[in-house]
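Common to both upcoming complexes is chain A, partnered first by chain B, then by chain C.
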Partner chain A sequence: MSSAAMKSARNALVLIAGLLAAWQALYWFVGDAALRPPLVTVQYTARLMTTDAFWMHLSETLQAFAVALSIAVAAGLVIGFGLGFHKLSAQVFEPMLVAVYSIPKITLYPILLLAFGLGMPAKIAFGAIHGIIPVALFTLNAVRNIKPILVKTGRVHGLGPFEMIRSILFPAALPEIFTGFRVGFALTLIGTLLGEMFAAQRGLGYLLMTAIGLHNVELIMAVTLLLVVFAATVSAGLLAIDRWLHRHI
Partner chain B sequence: MSQAHVSLRGVTKVFPSSSGGQGLHALGPIDLDLQQGEFFAVVGPSGCGKSTLLELIAGLTSATEGTVEFEGRRIEGDIPDGIGVVFQEDACFPWLSVEDNIAFGLRKIAVAHEEKRRRIGGVLDLMGLGDFARSYPAQLSGGMRQRVCIARTLVIEPRLILLDEPFGALDQQTRLLMGDEVLKLWRQTGATVFLITHALDEAAMLADRIAVMSARPGQLIDVVETHWPAERDSHIVERLEFGAVTARLWKSLREESLKTMAKTSRGPADRT
Partner chain C sequence: MSRIAVYRVLVIAAAVLLLELLCYVGVIDRITMQPPHRILRDLALILISGKQNAAILKTLSNASIAFGLALFVGVATAVVLHGYRALRETLDPLFATYYAIPVFAFYPLLIVLLGLGDAPQIGIGFMLGVVAVIVNTLNGLDRVPRVLRKTARIQRLGTIETALTVTLPYAAPYVLTGAKFAVAYSLIGIIGAEFIMSRGGMGYEISFAYNNFDNATMYPLIVLILVVSISINTGLSRWEKLLLARRGQ
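Up next, the complex of A and B:
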């Protein structure tokens, strides 16, 4: 176990070193107009993190993202469990979900803006619509794939409906639901940031767009670095939990 | 003779058809008495309603007509205390350790914590799972997982054990060895055992009495007594009489199996 952990830590370090080297090499190739080297970026990021404005933008983004993700997960679970337990509804609605999911969601943004106005609610709505469907589809499959023998075993042991859900259905479906959560997390983050980039006055997405407008390459690099580090760290953590669950369940 | 441990009277099962037609007559009428402490097996062609018969006794489904009684009380679609069921499929909960899987059997049983620990420890030893208490099912072989399921059933100290092709998914050698263990458990617990199987040799080796079921609708067409001693194991297969028992079972079953084969090869028309 510990040697496996060391191995994966070593792999991660090699990957990071490789990315930094590629970044530096790319900088030498394209120059100052489009990039800053890693060291300069890290220094600028450290300075950026001492400003109040940065924390205001960050907290705005985190709030929007947290609410959007909560909505996506809650709605996705309800839809997924609902359809998972009702075969006919699943047959009717699953193809629709898949079809809706394939719509480029950015095309819906103008409508959302008109519906919710500029600001937090539109961002949240845009983030949430990215996450709901994957969470719902994964949950639907998870519920559908529960082995009937496990439910039968529960009945043999005299479990009531509530205990059946708590002790058998939920744990049996958990690994796949968690995979849905992981995918939903990544997509909701994309949705939230996209929402901030096009119509907002605050947030990291807005900060990024402003930096592009001002051709502030340091700022672009710093925000991108922070977002990449955040997304990669959380995703790696979620993936580790996901794998653990799939191994054990 | 004393009162039967399990008693079925005129039991039939008809599954209603979804199109509102006649429905599927799966089973019966069946009359059957199981004596306290006997090892009873049922063999029959596939699809003859063997598993339905077991589910009726387990209270997992209710009879369309007739009555099922366990220890003098009627079973009507609710699961009575004192009955343990082991299925063919792997029914271990993969998210629970071996120990917790076994403890699951006790969650509805009102016994003190110490008594629970004692019983769990007891069945872990009995089933040779002592070293695997903290393992998870995914780390075990198919045979070991089936032991966990048997242990989970034994821990409730059932007076009637229902086995639905419990070794169907195991290889032949493992089946013989598991058969030996089931015989040992049967002697130690003194429980009545009701075994469903399609394997004639398995039935002939394990049971005191073996019922042969007809093709659907399943009815009991023959009951064979083996007269084996209680102290027996898989060496019973070496006996001359073992061949005779298996031969008689096959004689009763051959025609029924042919009927089933003819039906299934005629296509799905008669399935509904």
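Up next, the complex of A and C:
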């Protein structure tokens, strides 16, 4: 292991230890009404993971998330490349995308529910609208910042538009596009979970919402722990790939 | 008005007209969505009658408190963290993965800690916004030229004075970027929390109207939130550009 990797592993361990200590201390302070200590939560989570219902909710969430992420990435790439190639449309649409990026999309959930009904499509739509814009904005910037000499080289070789994207533009823009994917991944996950909290009868978000409604503290903590561990692990992995891409390309 | 601004207005007008047309023809039925001109009329009626003023005031004032706290605590934390390298490196993974974590899962905990008043909602808005401010302020502080820090030392300024008169003014455009995110996040936090569990506010009113098929209340309130968040965001972006332009960037 290189010294930098050692250092970041050590940092992560210190951070996790610190968070666990803070959690335990908060438990001593708050008591059983709102919290369970780390050990009890882990035990409960392990037990939860042996039930069939949990796996049903998890697979429902993962399906919705996978579809939402695919839609967000595909649509984001199309919008980003489309605007990246056409300067005028980029000037017209980019500020609009930024404005839409900044709106609290959570307010749109009733509209999506009315449009898609209660269930899978609404969750997917809710996840996808969170992810599309970051992917599009990062892709747009990536395409715009490609060195003109690369494009010229492609033209000298007589590449058609698809060849041009496949062998020159996409590889050149990849690090930035990946950053967009990383941000889009996180936001789509949150969007999907929020969609499940408000607009579903299955999935981890729904499980969390019912637990909140019933004030089932163990279940709230277990689901939160799983979500936090999953989100943190995946984003740390994506962040590592992101940094590697930025260094090497 | 520049040519691009004209195009932008045309695109928005076309989108509104399209919605109007779809509603008129019946592709979008009345239960799903009112035509745009009805939404605007209903919004005017709501604002004139003042029946939603309490909810609007509650949500916007809570969001401002959450935003103010996030900005103040965020900037202060960033200034402190910037001085302690080891601590900052330990917290880095937390900041990098923070926005992949569904913060709403902590809402029940905050309700038990802070009671079922406005405090837990403000807490959620604050928690969502503060990290964006910290990260962006740190980014700005990293860019302060060495010569400015040296000048501060020559003038024998203390830590707080240096931050207030030298480093933070230099980092202002980056702090503004963080502030833009914090505006969006504090609104998301407050409204989301109002959706989940509360006794008032625009989020509560929207979800109440949704449950009662009361589109004449729901759509205007959603539009109002969108208009407020987009205007604040655009205003801050203008200011940010102005600051950068003054520095010749």
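Criterion: the second predicted complex is superposed on the first by the 237 of 249 C-alpha atoms of A that agree within 3 Å, B and C clash if a C-alpha of one lies under 4 Å from a C-alpha of the other, contacts with A are read in each partner's own complex, and residues count from 1 in each chain.
Here, a contact is a pair of C-beta atoms (placed from the backbone, for glycine too) under 8 Å apart; a residue touches a chain by one contact, two chains touch by 3 or more.
All figures in this text were calculated on a predicted structure; none of them were measured in a lab.
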Go through the superposed model and pick first if A:A9 touches only chain B, second if only chain C, both, or neither.
neither
Identify which of chain B and chain C touches the larger number of residues of chain A.
C
Between chain B (first) and chain C (second), which, if any, makes contact with A:I106: first, second, both or neither?
second
Thinking of the overlay built on chain A, is A:T153 touched by chain B (first), by chain C (second), by both, or by neither?
first
Figure out whether A:I190 sits in contact with chain B (first) or chain C (second), or with both, or with neither.
second
Doubly contacted chain A residues - partners chain C and chain B:
none
Within the complex, chain B is touched by chain A residues 147, 149-150, 152-153, 155-159, 167-168, 171-172, 174, 247-249
So in the complex, the part of chain A that touches chain C is made up of which residues?
7-8, 11-12, 14-15, 18-19, 30, 33-35, 88, 91-93, 95-96, 98-99, 102-111, 113-115, 185-187, 189-190, 193-194, 197-198, 205, 208-209, 211-212, 215, 217, 220, 223-224, 227-228, 231-232, 234-236, 239
Looking at the complex, which residues from chain B come into contact with chain A?
58, 60, 79, 84-85, 87, 89-91, 93-95, 104-105, 107-108, 136, 138
Quick check on the complex: what are the chain C residues that touch chain A?
4, 7-8, 11-12, 31-33, 89-94, 96-97, 99-102, 104-109, 111-113, 180, 183-184, 187-188, 191-192, 195-197, 203, 206-207, 209-210, 218-219, 222, 225-226, 229-230, 233-234, 237
